[in-house]
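Before anything else, here's the structure in question.
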Amino acid sequence: MFEDGAIINELLIERLNYFIYVVLLLIGLHAMISKRNLIKKLIGMSIFQTSIILFYVSIAVKDEATIPIYKAEHDPHGAASKAAALELNSTDEAKPLYAPAELQPEETQQYANPLPHVLMLTAIVVGVATFGLALALCLRIQQGYGTVEEDELLVKIERSDARYSQSPLAKAINPRRRPARTSRKPRTASKATRVSQKSASSPKSTGATQTKKSAPKTKATQARKKPAPATRKPAVKKSSVRKPANKTTSPKKKGAE
Amino acid sequence: MGLELFNTFILLLLVVTALAALRVRDLITAAAVFGVYSFLMCLLWAEMGAVDVAFTEATVGAGISTVVLVATIFNLRRKSND
Amino acid sequence: MENAIAWVLLFPLIGSVACALLGMANRKLCYPISIISMAGATWAAVETLFQAVACPSAEVSYIFGGWVLDLFPRGVGIEFRADLLGALIALVVVGVGLIVSMYAKLPVEKETPGKEALYYPLFLLQITGLAGIALTGDAFNLYVLIEVAALTGYGMIAIGSNRAAAATFNYLILGTIGASLYLLGVGYLYIKTGTLNMVGIQEVIAANNLHDSPAMQVAFVLIGLGILIKMAFFPFHAWLPNAYSNAPTTTSCLLAPLVTKVMIYVMIRMVLTVFGVEFSFESTLWSEFMPWLVVIAIVCAAVMALAQREIKKMLAYLIVAEVGYMVGGVWIYNFYGLIGSIFHIISDACMTLCLFLATGIILRACKTTHFDGLRGLFSKMPLTMIGFFVGGFSIIGLPPTCGFFSKWYLITGGMVAERWEYMVVLMFSTMVMVVLFFRLIERIYLAVSESGQNLGKGHGDLGLTKEQTKFEEAPLSMLIPLLIAASIVMIIGVYNQEVVNQIERFLEPFNLPRGTGH
Amino acid sequence: MKWISLIPVVAVGALLLFAATDFPEWGDPKSPASQSPVSSHFINNTGVDTEVPNMVTAVLADYRGFDTMFETVVVFIAGIAVLAILKGSGRRRRGPRTTYKVEAEPDLIVTNTVRLVVPVIQLFAFYVLAHGHVSPGGGFQGGVVMGASFILIALAWDLDHALVRMSLPRCIAIAAAGIIIYAGIGFLSMFLGGEFLDYAELERVLPVSREMARYHAMLGVEIGVGFTVTSIMFALYANLSSEGRLKGGL
């Protein structure tokens, strides 16, 4: 039905607003789905939301209508109503007469519909709230993973997930070693392991398996995982190394907070 | 007719700025173009009689959003891969 | 008390502001404040429910700002309407909120240290948003409340780890698409009907005969799509498992039972109250193809749940499967199916709460939720495990629990409506859940003898010492909410007829088919 | 892979264009939205009900005041959530921040200009807030402008300079106070016998008519909104520009 020239014509000429809002909405939606950069996704999200607001504002438009603020002759505190009030103030029933008069239906046509405007004020504010929150998330992701590119992020997340979802049976070679710090509080956990990394950076325990370019957390993962299945000794050694390292970090953390 | 032309012009410019904001690889530029987009939108709404909405969009969309976006990008990598 | 319906929201709202203010001075105050405000809200919700039950029209209407219906046209003010369905769901929301707020003390202290004054306000506002969704009678107000619930949800999930922040970002993008599509759909409704009040919209649809209007059809699709994204229906579920399994314990305890279920409530509300039965089921094709989508959704979610090795992830996929149940119950277009759907919202909220509370305790005790970390837990914490399995049995659908009865109605609905595919898939997923939970039972109950001896072969290298299987029950502030939740699951199961009576009374005026729908 | 994402986009687009053909004429005063009793009531009776000339303000703060309260709450949530997400996470500083090294000394011309401009901006913010009843504006716009003035201080000097004037605990306190003002007016009218947010009941404590009680209560509500928005907008900027560390310039 879109091949019909009349409809295209109607859309492009008479309802350009409706057409452009759809175009903007699609641009935003496509950016949200396909862009790899998280900030770009957010810009797309904002475009998506503004296009919907454009649609609502388009609903409110009336031909020949002005903005939804009373003109002087309808203003409840304007000159016209004051004059009326002064004239009629002498009688006892002044109050109902003082009250501004209701507009007649033909006068209603002079003003744009205020309701969509109100709704969109709310929507704009909700939009900026979401936007701010999403930016905070971006910062947090940057701090955690060092990137806001989705494809790089996915790789790093996959690596850290592989560590968290590892079975405690596979980890617990040494029965006395509980599967400590697996999934909760990864920040402190990663910190502890990182410090342990620094203190125990002698090549004997960790080996040459580390890569320099990845995030410290994943470094620690590899360092912890690799020696464990190989032999018992490095695991025991590592745990003994990590304990004091953990102790040294905890007061520092308290101080920072 | 003059207003209609203005309307059409802004609508087309909106599409251009929206595409440009998503296209450029420099995020600061993207933020700036996004600010332009918001401001055009504000103009359009003012023209359509939604003065309150336009005012809010001018302060929130073109103002605070852009500032906050730039402030965030300063803490991230400026170049984007797409 | 005539303002009870407003107090349902106002109690948590005041509580959150008080938490934010007083929590800055002393963060220990947050926990009692949240309990008090949730208790108040629960009282108000109970009161509202009783009012609705007592009222002959079975609904309580409350218009904010004094724009009463006699003097002003419908839709001038924002209306809150607690019919039986809305009041029931609101009660479930604040009830779950109360239980979780009791539970929250230790997990919040442990997982988000120093952030209590920020966490509790979000927690309470989440409940405000969800309870508001259940009660509101205004389509746009619903959008605002959805966003309140969504934004607090993002904050509550991302407050935890970096991984949670990454998961939240996906949730935020998808959630915003969903909410925006809903907003767009409301715009389409508005452009065709000129009102935002839910009852008003339906009046206009009926009066102007808008059943075949393309804009209305598209509005229906947009709203439906938006809600399906928000409720994590199968193809759109991508945000849910990661977000819930990485969230702090209290957050997942609150969000998992409520968010998806409240969105299903919104779908039922849209179908029955806003668009009307005739429009939703007869003028659109949704009742033709949705059951088939539900079949795909349930099968995929059940299989994915089967593949998980971690309780939290597994439960997250179970939620996705349960969403499929309830959506199917709506779209088979049958009286009993809808009863089952509504009842399942209630019972699923209770049993999911039960499971997540228990999982939180497991996580605290074992530091892991991996299946292999659970060996011998029964001898360590028997009460917690009983709570866990009450929830599990309810999900499977064993008789004394409420899950059995809601599933019973769903299956009856499928049978009466002759949607065999839906029935079969319900059976199938029940089987999957049996496998899931008995796999856990095997690990938790059977793998260790009572003396804590290593059973050795056949169960892998258990390597548990006596110390590890020593009786060490969870702290009372966590155990009591779990036991309350477990007993609620049983109580609703025992008194299921009372609940069903009210749901039937709510559904009576809609003239749903009791036989085949078409 | 990129073309896969086009499928849903094209589908949604086709759907929307399909519906667009069913819309009423552009700017048609007889369209259902413009003709509905609700919209005409707002246009015809706002003056009678509330005596506010700006219908948008009246609908926003009074007829749909409940929405607006939650809108304020949403802003509050955003502030709290951003604080919660970023608090204590910004200690590990790395990455490209150093490439945008800020000059140690704030620029003389900039600071002096800002010194001159900020009072004007703040005055304008008050004007926008208070004059929202008769002209475009209101609590949100005024609040945002006010918040922007603090952001300007933070930009011209550095964040510490602005945080001296508006520390983060104070931000939260002011934001909470805004909601308390808003909800408090609602409660007051509830305790005076009306529904929640029924400002007309305030006539019993205000020496004015029911309509003017609505008028004045709306101003109070807008002030509450302004409080919350001001502080949260600044808190957003402060947190995002410093990754939650709340130190240093941009």
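Going in written order, the chains are labelled A, B, C and D, and every chain counts its residues from 1.
Everything that follows uses one rule, which is that contacts are C-beta pairs under 8 Å (C-beta built on N, C-alpha and C of every residue); 3 or more make two chains touch, one makes a residue touch a chain.
Since the model is a prediction, treat every value here as computed from it, not as a measurement.
The central chain of the assembly on a C-alpha centroid basis is A. Interface comparison, A-B versus A-D: the pair with the greater number of contacting C-beta pairs is A-D. Ranked by separation of Cα centres from chain A, the top chain is C. If each chain is reduced to the centroid of its CA atoms, chain A and chain B end up 18 Å from each other. Note on chain placement: the centre of chain A and the centre of chain D lie 18 Å apart, centres being C-alpha means.
With each centre defined as the average position of its C-alpha atoms, the distance from chain A to chain C rounds to 23 Å. Once the centre of each chain is set as its mean CA position, chain C and chain D turn out to be 31 Å apart.
Residues of chain C in contact with two or more other chains: 114, 140, 144, 147, 151, 154-155, 158, 162, 165, 190-191, 196.
Shown for chain A are the residues that touch two or more other chains, namely 17, 25, 29, 58-61, 65, 67-69, 115-117, 119, 121-122, 125-126, 128-130, 132-133, 135-140, 142-143, 187, 257.
Those residues of chain D in touch with two or more other chains are numbered 16, 18, 21, 23, 31, 33-34, 38-39, 42, 54, 56, 60, 64, 67, 71, 74, 77-78, 81-82, 85, 88-89, 95, 136, 140, 236, 240, 243.
By the definition of touch given earlier, these chain pairs are in contact: A-B, A-C, A-D, B-D, C-D. Residue ranges of chain D in contact with chain A, taken from their complex: 2, 5-6, 8-10, 12-14, 16-18, 20-21, 23, 25-29, 31, 33-34, 38-40, 42-48, 51-56, 59-60, 64, 67-68, 71, 74-75, 77-78, 81-82, 85-86, 88-92, 94-95, 134-136, 140, 209, 211, 229, 236, 239-240, 243-244.
Interface of chain B with chain D (complex): residues 51-52, 54-56, 59-60, 63-64, 67-68, 71-72, 74-78. Against chain D, in their complex, chain C makes its touches with residues 3, 6, 10, 13-14, 17, 20-21, 24, 62-67, 72-78, 112, 114-115, 118-119, 121-122, 125, 128, 132, 138, 140-141, 144-145, 147-148, 151-152, 154-155, 158-159, 162, 165, 188, 190-197, 200, 204, 208, 213-215, 217-219, 221-222. Residue ranges on chain D touching chain C, taken from their complex, read 15-16, 18-19, 21-24, 31-39, 41-42, 62-67, 70-71, 73-74, 76-78, 80-85, 87-89, 169, 172-173, 175-176, 179-180, 183, 187, 189-190, 194-201. Chain contact summary for the complex, chain B toward chain A: residues 7-8, 11-12, 14-15, 18-19, 21-22, 27, 30-31, 34, 37-38, 41, 44-45, 48-53, 56-57, 60-61, 64-65, 68-69, 72-73, 75-77, 80-82.
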